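Given below, in the form of structure tokens, are the structures.
The following pair of complexes shares a single chain, chain A, combined with chain B in the former and chain C in the latter.
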Partner chain A sequence: MKTSSFTHLARCRVRRAALLAAVLLGGAIQGGHALAARAESTADHSKFKELQQAFSSGPEVTQACLNCHTEASKQVHRTKHWTWEFLNPANDQRLGKKNVINNFCISVPSNYPFCTSCHVGYGWKDASFDFKSEANVDCLVCHDTTGSYRKLPGLAGHPPYQDTEIPPGSGKIARAVDLTKVAQKVGRTSRDTCGACHFFGGGGDGVKHGDMDSSLAAPDKELDVHMDATGLDFTCGTCHRTSSHDIPGSRYTPVARDTEGAHVPGREDRSLPATCPACHGQTPHKGNGPAAKLNDHTDTVACQTCHIPAIARGGVATKMSWDWSTAGQLGPDGKAMMKKDGDGRVIYDSKKGDFVLGENVIPDYAWFNGDVTYTLLGDKVDKNDAVTRINTLGGSAGDGRSLIWPMKVFHGVQPYDPVNRTLVTPHTAGNDDTAYWRNFGWEKAIDAGMSVSGASFSGKVDFIKTEMSWPITHMVAPKEQAVRCGECHSKGGRLERIEGIYIPGRDGNRLIDLLGWLMAGGALAGALIHGGLRLLRRDA
Partner chain B sequence: MERIYIFKRFERFWHWSQALLIILMMATGFEIHGTYTLLGFGKASQLHTNAAWVLIALWVFAIFWHFTTGEWRQYIPTTDNLLAMMRYYLSGIFTHAPHPFRLTQLRKHNPLQRMAYLGVKLLINPLIWISGLVYLYYNDLNAAGYEVELGTIALFHTIGAFLMLAFFVVHVYIITTGHTWSSHLKAMITGWEEIEDTK
Partner chain C sequence: MKSRQLLLTALTIGLLGLSCGAGAYDGDWKRGRVYYRSVCTACHAAQAGGSIAPSTMTKAQWDSYLQADKHAKGKDSLKQYVGKAYRASIRSQNKAAEKFSDVPDDDMFEDIKAFVIKGAKDGDAPASCS
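Showing the complex of A and B:
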């Protein structure tokens, strides 16, 4: 950080004194960060009278927080973490968890009490949830430092206030959370608090993202150079530098190509702080020789493409595909069952169908400019298409906004309505007569789900192949493990299918190559014949 | 047997270091082109680039040397004896006919050599050098507003490489066509060329 701010300022021809000041400032910030990581707050929350009481519910704790942090809930109310809704200004699509359909657990609306165990609020069990309630904001889920605070599926965002058997009938007891203890020990967010939801997206550890799973809770340097728990020890918030609870870095409108320089204290930086260039600048490779050529790549290749050599590098497998069409096969006892692979990982679940899991997967690569278009409920889909794209990422070699990005491309087979030709939003989770995971009937589950979504359903169910792309950005490897030049600069290499650019080692003009080899080969043949004749006639 | 001193010390140093560099650059260059894998793309391109800079430095000296010594005149093309030389390579050489060209210190290349070397110096080298430098700096050129496409640059560079390869093959063979199979080679090592006795 220090070095990059240094070079950047030098380029801007700022006076020497200012340069020195900035370097010192940069150093102070770095030192400040390290200090923050050791969590020396100026406030000991256990000494606050407001928190020295027995709380019977989450909202009661929030009321206590709001006594001092008067604006906190209002700030949270403005974020996607709260609304689960996002209007994409680029194409007016209404996105957010509440609205999108994916090819993992598919959709939220009829499954609120389960899905909202990852909502930063309390009580979102159906569409009537009060989004204006300040008390319903869950402060603890992000600010817990004890590791004992846990929200359970089915409780609509509440933690267990009594010891609770979960799932019911399983014999597994989730202990009641000690709200007073958790409230008195609040602190900054951590990899654990963010990870409590983001590591487990898609219904389990590492399922969804491929670059985020529980291995990042305390990674070593090999897994993530920045989050290395015994080294730099970044939290999520170190890059997703949050102000007023508004967390930068969005999957709906990501910055695919940051052309700004490194952020420098004292200068107004309008670019996203969560990109690599926001700290490393546009010429991140230092030194002579190869560094210059590597820096030449930054207008074509995303940093992640070389520096994240594989998906799911931390020992936790990620799902690569999910086939809902095989769900519903019950065991001989007529009950839901699971099949596991040799490593004990679930590859079939009666409730969900077949999975393919992967670790250390070589990513797909694609041009990406940050434009994301979703296939939403109501959009026409066609089974005759090779694949239906849940999200379509924009980008091309020539648009001036794209870089080549690594992707996890997730393949799904999921239910759809073949008459209306739309994706559907099944009611999966619940203890009622229609939930698929209890009754294993698609028609009833989809009918129930679609009526909650306010969409029409023909009553017919078929399955359609879908695909969803996840740009990969976490689990940055040490530079020694970066992708080698030849893995892309070769025929059949990682970037074999990238169009629109000339890649030395991969590309060439076949005619020129043919003529060239004919010419050189002809010269050699001529020389051999000529020399051979001379040899034969040497005594003549 | 007559001996004549034709290649001075600098010239021999220049020739052999250039030979080494060009072989190195062909080997790494065709790897960069994707023809085979030997060192790995990264090492090959690094070596290729470093060798290019050394060769450029060497050439700056060589050009200086050619002009200060007047040796550049050795490459002025001539048609004298041209046909005779061709006839010699096509037939005379097999019948042990006398070599039609008598070299002296002032005319050390036969007319075919003159043309070939001039072709290398005026055609192949500039083609490789210019396309190579543009290849190396195409990002900066584009940033400066000169729109150049890497594929086009690479195409010219590859054409240059093939021409150089063909020249190299023929050159290495022609070395053996002196008074004896090795007299040209010896000349480039010691500076002294053996020539046929004057009749």
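Showing the complex of A and C:
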């Protein structure tokens, strides 16, 4: 009987121990994950009741976000990402995507539903868009962490709410976005969220910028020392340090020469955080000798000039030119066609014309002081000019504000009005009868587009050569791959066309060079003769 | 009898905790992307005659491939190349292995799974090798 009681007691203890172990094991595993989650964020959005519902539209999600983030939409409303408008205080030009004309897809007005797939809002399908609506702000496009959120061209900034064939008739289905899943997983912006638009500017991967494409989503050190996914792993926001949703780093009023020192936490500093000196200061090369010599260059040469040796280094080609005048050629079947090069890259599209693409392109170089002046709708242009500059970058050797910058210079041939002598804003994208990509008729397309822009159109169409400059600042190579001294300090080198400055190795006068060599030779000879004579005299 | 019920209840709670704990980890597709490209692709490109893009298979195919856990046509285990031991063996030459050296094996595997499922032919964002 005693034995039986003992056995029973022992069994109970074993069971209790097992009970405790089981509970602890389960809890421990959960606790481990909770700890891991806490290390990354202070909030798990899936636990918010506001987000535990089925959403049928983007604005519904935004309404839920605004329950806690009460000021977010108002902040976004004040940014260029929302307004697509910017008044340049330097010259009073009204810029922004809404107003400028470029030589890629040309212009936004009349093409809103397609272009605004890169707007941080919902529903901008025409000029009646409500810019005051807080619910129209798209939180998810910047704060998605799932990688599943996307906005499709033609939906005026909305993601697909049901499975959608895109392009229509292609058989390719873009699946409906799970808004609840995305909303519950929001987080900080990332290279992927910024890149969803900025990598694809101009209508495709790497098309526009030349220093931004999808290869920067998870780059290695060879491509970008700062964004290296296995190293420093900078996001865009690491340099473009954002405050109240306002992101510094403008292409309309860029800082070409930052004369401030490195930013120090705690010290008041109103200079732009997105420049190289903002972290590296004015003497970035450490040490004496060669390093000190390199530091001598920082008042003349932008950091990017040496440290970004080529454009489009990540394996994605960028467009270097675009000829709209050849658009509209149809295939033997009477349908729009594409031609590809040996690498499978599109070099002709009936809708867009001919392209030239490039990888690892040596940049152009120019003095740049941050002043940018655009040729806007209504400004007179002249076909007799060698080229019409879409944007003219200011700068010279002697203005005290300029540095030598690397540029992607993009060449275009685009439609213009030869009677009014203005650039035009064609209606390209759409399924209506006036859209160029549907009817391939320039007159109708430009008439429709100019009408939306509120500009006059003579009805005549011709094509004009244009040029647009893009200062290069991303894809910073490791220092071992920086431009070598001899690549600039030589005749026919990278800086061959830079004026207003004496560059040793590039510049020279044969007579002065001869005189210099004679002097050096004479000095050497004098020293040798002098030394020789002293030796002889000592022996004597 | 009571203690048996108590034990069963406790085990249930424990197992629930286990399953919830396991389910709580959502694969980090971005970390999986870096590992896939820097370790899997790098090795395949250099030694196995070519890389395998996530978009070459459907989600279902990836799922069954990962579940089967057979690498090199069954010669060895797939998980072997994701585990800490393997990462430690190549960390001196591979920055991704170095950076993720302390990530638990199961988490790393889930990360890679999340990336290939997302990048599958029918995934949210079909992905290439690079």
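In this text, the second predicted complex is superposed on the first by the 471 of 540 C-alpha atoms of A that agree within 3 Å, B and C clash if a C-alpha of one lies under 4 Å from a C-alpha of the other, contacts with A are read in each partner's own complex, and residues count from 1 in each chain.
Here is the rule we go by: a residue touches a chain if its C-beta (ideal position, glycine included) is under 8 Å from a C-beta of that chain, and two chains touch if they have at least 3 such contacts.
Being a predicted model, the structure only gives us computed values, none of them experimental.
When the two structures are aligned on the shared chain, A:D220 is found in touch with chain C, with no touch to chain B. Of the two partner chains placed by superposition, A:I362 touches none, neither chain B nor chain C.
Using the contact criterion defined above for the overlaid structures, shared-chain residue A:A229 touches chain C, although it does not reach chain B. Touch criterion met: A:A523 reaches chain B, while chain C stays clear of it.
In the superposition on chain A, contact of A:G508 is made with chain B only, not with chain C. In the superposition on chain A, contact of A:A176 is made with neither chain B nor chain C.
Taken together, the chain B residues at the contact with chain A in this complex read 32-34, 37, 40-42, 45-46, 49-50, 89, 93-96, 139, 149-151, 154-155, 158-159, 161-163, 165-166, 169-170, 172-173, 176-177.
Within the complex formed with chain A, the chain C residues making contact are 3-4, 6-7, 10-11, 13-18, 20-22, 24-26, 29-30, 33-34, 37-38, 95-96, 98-99, 118, 124-125, 130. The touching residues of chain A, counted against chain B in their complex, run 289-290, 293, 296, 299, 484-486, 489-491, 501-502, 504-509, 512-513, 515-517, 519-520, 522-524, 526-527, 530-531, 533-534, 537, 540. Put simply, chain A touches chain C in their complex at residues 11-12, 15-16, 18-27, 29-30, 32-34, 36-37, 146-148, 150, 175, 185, 190, 192, 215, 217-218, 220-221, 228-231, 315.
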